[in-house]
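Note that the chains are named A, B, C and D in the order they appear, and that numbering of residues resets to 1 at the start of each chain.
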Amino acid sequence: MPPSSMIEGVLRRITAQGRSLIGQSRRNADLIAECKTIVSTAGQASGLARARDVLDQYAAANDDRKLAFLTGLATQFGPDAEALGACIDSYLSGHSPAGMRDLHQVSEPGGVEVIRRLNRAPGATADLLSMRTDVLRLKRDNAELEALDRDFRHLFGSWFNLGFLEMRRIDWSVPAEILEKFITYEAVHEFRGWEDLRRRVGAPDRRLYAFFHPSMPAEPLIFVQVALTRDIPRAIAPILAEDRATLPPQEANTAVFYSITNCQEGLRGIAFGSFLIKQVVEQLRFELEGLERFVTLSPVPGLRAWAEDPANADGLLAPRHVAAIAALDTNWAGEGLPEEARSPALSEIAAIYLTRATRSEGGARDPVAHFHLGNGARLEAINPGADTGRRGWARSWGVMVNYLYDFASIERNHEAYANDGAVIASSAIRRLGRPRKERG
Amino acid sequence: MPPSSMIEGVLRRITAQGRSLIGQSRRNADLIAECKTIVSTAGQASGLARARDVLDQYAAANDDRKLAFLTGLATQFGPDAEALGACIDSYLSGHSPAGMRDLHQVSEPGGVEVIRRLNRAPGATADLLSMRTDVLRLKRDNAELEALDRDFRHLFGSWFNLGFLEMRRIDWSVPAEILEKFITYEAVHEFRGWEDLRRRVGAPDRRLYAFFHPSMPAEPLIFVQVALTRDIPRAIAPILAEDRATLPPQEANTAVFYSITNCQEGLRGIAFGSFLIKQVVEQLRFELEGLERFVTLSPVPGLRAWAEDPANADGLLAPRHVAAIAALDTNWAGEGLPEEARSPALSEIAAIYLTRATRSEGGARDPVAHFHLGNGARLEAINPGADTGRRGWARSWGVMVNYLYDFASIERNHEAYANDGAVIASSAIRRLGRPRKERG
Amino acid sequence: MPPSSMIEGVLRRITAQGRSLIGQSRRNADLIAECKTIVSTAGQASGLARARDVLDQYAAANDDRKLAFLTGLATQFGPDAEALGACIDSYLSGHSPAGMRDLHQVSEPGGVEVIRRLNRAPGATADLLSMRTDVLRLKRDNAELEALDRDFRHLFGSWFNLGFLEMRRIDWSVPAEILEKFITYEAVHEFRGWEDLRRRVGAPDRRLYAFFHPSMPAEPLIFVQVALTRDIPRAIAPILAEDRATLPPQEANTAVFYSITNCQEGLRGIAFGSFLIKQVVEQLRFELEGLERFVTLSPVPGLRAWAEDPANADGLLAPRHVAAIAALDTNWAGEGLPEEARSPALSEIAAIYLTRATRSEGGARDPVAHFHLGNGARLEAINPGADTGRRGWARSWGVMVNYLYDFASIERNHEAYANDGAVIASSAIRRLGRPRKERG
Amino acid sequence: MPPSSMIEGVLRRITAQGRSLIGQSRRNADLIAECKTIVSTAGQASGLARARDVLDQYAAANDDRKLAFLTGLATQFGPDAEALGACIDSYLSGHSPAGMRDLHQVSEPGGVEVIRRLNRAPGATADLLSMRTDVLRLKRDNAELEALDRDFRHLFGSWFNLGFLEMRRIDWSVPAEILEKFITYEAVHEFRGWEDLRRRVGAPDRRLYAFFHPSMPAEPLIFVQVALTRDIPRAIAPILAEDRATLPPQEANTAVFYSITNCQEGLRGIAFGSFLIKQVVEQLRFELEGLERFVTLSPVPGLRAWAEDPANADGLLAPRHVAAIAALDTNWAGEGLPEEARSPALSEIAAIYLTRATRSEGGARDPVAHFHLGNGARLEAINPGADTGRRGWARSWGVMVNYLYDFASIERNHEAYANDGAVIASSAIRRLGRPRKERG
């Protein structure tokens, strides 16, 4: 019996034994009351059994019951306002480090300790990620869950510390039960079944790397797909083609990150992507000495929504840009792309959007641009007509972008972007996106 | 290349690459300044390199330099008193949950974030455990480290959540590099070399179970040693004897926990022992249906120090007890034990100590008793003359104790002890420890 | 680096190094001359390189070149007729055991030693299995290869001794690169893609077990598929249905072997099936105490060819059987089966075929019957209309059969069949197959 | 349950089940009769049980019973003299390849098939190796076992084909149950306990590589120990010293094979050593680019026995050599070595022995020299005073030798030695060993 299944079996038996102590699980048990018992008593078998029971009942609940539980978790577990008041008084009177730590400790939201205790049950971590996924969904209409979401994010940030992650290369020697997760999670360029997966993990010029957390060894957290090529690609179809010729990896000079997928909605706000890209770059540089550059082939998901909204474009787009947009077929559904998808105006609009449209808190408005620029990459090229799919048309009229990870400048770029919101772009793009006088 | 070594290799290369960015490590770098840079910048390669460098320099430092670093870590990283003051004002004005969370967040000691960032470096977790071991040692003379110790304990408590631990059975098929850790760590009944280890992990009637954390797969956190026997043992020597006959496990009716060892001083205050014992009990019950009882054979480390101090004994010990103590050889160094080691008075003294001597915060004074009673075990038997070693004489005149883990009553016992400090003992021990009128 | 890839890498390097010794591989090298060099010299690096080269060139050769090589292998490597003559003389003069062994040794066909030497090259075993597959194909028109086939079979019988095989359960946790082999090899009831595979290895009431040889850890030799059911199944479709309800394994009372596949044509004549079935039975009995019987659901591949040939049926089939056969649609291609597929006459014909049609060397004429009866199974039930597929119609008008593995009688049945060709069948089948007077 | 333990468990259950079929094992069963049953019947469960039973009873038998069994195995299982006679007649009449193969098949000693059948039992291979070890021992006084030994060697040669072996590096991460085997088997320079083992497998400048057969994954077949050094070592003590300074492997220019050990007496005559050395050389060359040469530091086990026997020395040794020998202390038991151990005459005697003393069948008389010269190594240096141990004194007055594996000439050397018995030696040694006129 391997270690991991040993512990799982043992925990299940302890849980089962505890279950006999706590009696039949009542279908409609008050889950908040159960959690109060879990936190206040130290009995471990019964505590494990109660935790497992709460998680199971929660998972089976409808949204009303879930919302009631989450609201209770957010509000009914302290801190004790009186104790907190006393701590504040004490701190204000002395400003001692100990007083400050007491204050920190007493002000901890009680739900955090509940979540820690629930996590002791076998398999609990995945359940808690699901629970936070619910919080993210339900908080839109239930503002009181906003605070609970902060609690989850903070705790998960500690548990999923980068130091605990494992990077694994995923290839065709990986168990099917793990491989199928990638089929499920891939959102950017979907896998069309197992044969497609095989091409993208098994071909000598394709790679897939993922981060795992040791407590969930069969659940990827994030993964990136890489194509090894002879040049910077300008379109996605040749990369995904079924019948393409494969390139011996030793002959590749370019590594292309053509898809990055976060798998765990429940870990939103806890960033692994930058770390993963940098580890993959290091791994590939070590293995393949011929690689000269690392680029992405990325979507521009916010382009069209931005450009079609007159409020955004105002002052940035010129009348001929607006005219060009008007000429584009809104719901194109033909084969390939219409001719206008390659008009120079479209490249200019994309350049303006990427280099000059900003988000309120600063930085590039486009989320993918924000991610790569924040990592220190440079906006390298704009590729109209790069994505002939329907989704690409709906989001960006088929435009895709290359970001370049150049390790000589990556830290400098990162600092410039982080501190000043400076979008580092190639001169060609800077020229395309430059404000210009319209003639006539 | 297995996943774990893959990540380690990659991290080392990123670290090395970052090292070239941050320049030569200066032998006498200001480690606190380095940590400030780590926290304030987002560059990952340089951040990893700096973190690794800080940990390496710290590890090589002398106590003066260590103390300076730790003191800086405790005091120079906030929180920002002004921001905290503003948060307090805001909270006091509204008592909102968000305000309370802001308060909690702002009051977080800045050292905690430093430790989180340091942990991203390859192999950092073990270094951070060592760092806390230093804190525990140095805080005795440096009270300002007390607060830092709390920070470590809190953070480690989150990282080493019971849900993340792995229990493994350690037997003779385990790699030597892991086995030797047990030789190093075992403190209760030392291993006399590899042959002794082999007897205690490889014999069919002996077991050793340990907890591991997935980020330190070769470092046990805690382990317990078990003997499978036909009866409750009354002495330790037969269990450790080189030439004893082994018992087919199917014929055993008793599982004896004869040694429990915490390996990581740096995890002091984060309790795994109770959880481990309960998991081992479940595992053994599953495997061996003949087992009828689970007991310990435990030392009584505080007995003699307590009994020889007149201040303690006053009112609890009778004159004949005091006389019996006086008759015991203080520095016995002969073969075996002197005859007085088996005097009935000694059993009474031990019973009085274990059932009636309390610690200031309540509960049994003896630390081993406190641990097992706190787990819900029952004080089952007192065994004078059980430990013929010199250490046993120095600590308890050779007395050892059996605690019984009886699963029908364990939760009830635990509650009674936790809430009322009630020491659950067998009737024989209760009789021995009962206050009694001295005649004459 | 795991042991297996270590050795492979080392061997490849030795081979490469040897290659530089033996010079460029000539496209049209005389492979027989190469083999003579391999056998006659002891240089190991060069020997490995030559062996690898011979195997590679052979694999790339067309049938003419292959045939030339195989013929050379069969005829040009001795034994030395003169030496053999001398040995015979010597043996005849003394009949000593040593003389007999000399005779045995000298008479060994020289190709056997060539094959042994070729097997030292990295990955050679799989190549040699392919080579024998060629022999099996080519010997049909080239009788001189018959002897070489005997040599291969004898050597492989030694290498693939049952004591060296590993049985593994194949489930969804197995690497994809191994799982896909089963899709490739399954011949009885083809896998319709990965989802179908998943149902047949991943469902709780389905099992797949395979034998592997340690020198080819990713290549199954033979596998069997098992369904756990409540009753003896009478048709195959419900077992393979996509949308069937799964049965908790604990509730199953019957284990059904519904497909047995030999994967390695190159191992023809070396029997693993009986051993595999018996190991699977033991494994399942150990795991699932509720199992009461072990049966197959098997095709009757030779039924129709036998029954439609008047020469066979003569004397065994009655006129009404012949009439029933004439009424059956030869090339049925409709949905499901025609009504006549369930006529009682068809069951009788099948019973007569299975219990009374014999092969020239004795034993049941049907190959599947011969296999299971030879293992000691009992012919239990005949199921007309059990296989609605086109192949089933072509081979047996849709008839399938259950063989029962009853461990109380299996050795006795086996002996009776092996010694006397006695077909052990249920009384119902005996009745159906009984010779009977036709009325009128 | 991992595959290997799965199969073992299953086999044990089948065996147990078969045991109930064959009834109680009789303490004094006629093992030869049992083997006859095993060979003549096809029942698999009973066959396995019988095989296991024969192996167990054999292992427990005394030498008389073992000898009776082995003699029976050698003589009572055919071949059938009549059938063989018929085959011979048939072959002589036609000399057809098929006739020759029939002859080969019919002349196979019957014991070979018995051994193949016995090997199907769980764990049988190791038992059969032990059985041959007995044969090797007993055949000295029982010449009729000589033939059986040939049968074993031939069969084992097929099973242990080099293509099936796995090379593994043994370091401190290896399970203790495997590591301890090396302590048991090492004969050349014994391990003085676990700490010594640790130094010799765990130090960065020490290596240990072994061959394993997949059917005995915890049993090494042969292993070699390597020291990485700056120069060719002239003595063994510095290599084995407890307190030596370790060398970073990147700084080593020499790899020294200082011990080669065959572990399985039962595989005598089946040579793995040359193959292992060459694989280790390749592995080290791949890992460590700084290595410039590969040498041994080897004993000269036959030197003294040869030199002290006047019959041998006659004509090769000069009078002053004989005088030098007479001056050497026969039973030296002091510290270190006597002064005469470094006399120039001793080097000459060793050179004469190694280059000019031959075995009757040709080649160097010294077995270690024969092994390395046969591999193509060159006799490089003679080191008087290299081995200060008592065994070294007894065998070679402390002389040790370096053989050089030079890959540019290894195949040529090998051929020269194999074909002509030419001992390739450095010019210095050739000079030392040259026949010379004695003055006066």
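Following the convention adopted for this analysis, a contact is a pair of C-beta atoms (placed from the backbone, for glycine too) under 8 Å apart; a residue touches a chain by one contact, two chains touch by 3 or more.
This structure is a prediction, so every number in the text was calculated from the model and none was measured.
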item	value
Pair in B-D, A-C or C-D that repeats A-B, with over half of contact pairs matching by residue number	C-D
Farthest-lying chain, centroid of Cα atoms versus that of chain D	A
Chain A and chain C: spacing of chain centres that average the CA atoms, whole Å	50
For chain B paired with chain C, centre-to-centre distance based on mean C-alpha positions, whole Å	59
Multi-chain contact residues (two or more partners), chain B	none
Full enumeration of touching chain pairs	A-B, A-C, B-D, C-D
Touching residues on chain C, where the partner in the complex is chain A	172-177, 179, 193-194, 198, 202
Complex interface listing, chain A residues touching chain B	3-4, 6-7, 9-11, 13-14, 17, 21, 41-46, 74-75, 79, 81, 84, 88, 91-92, 95, 97-98, 100-101, 103-105, 107-109, 116, 119-121, 124-125, 144, 146-147, 150-151, 154-155, 158-159, 161-169, 212, 214-215, 274-275, 278-279, 282-283, 285-286, 376, 407, 410-411, 414-415, 418
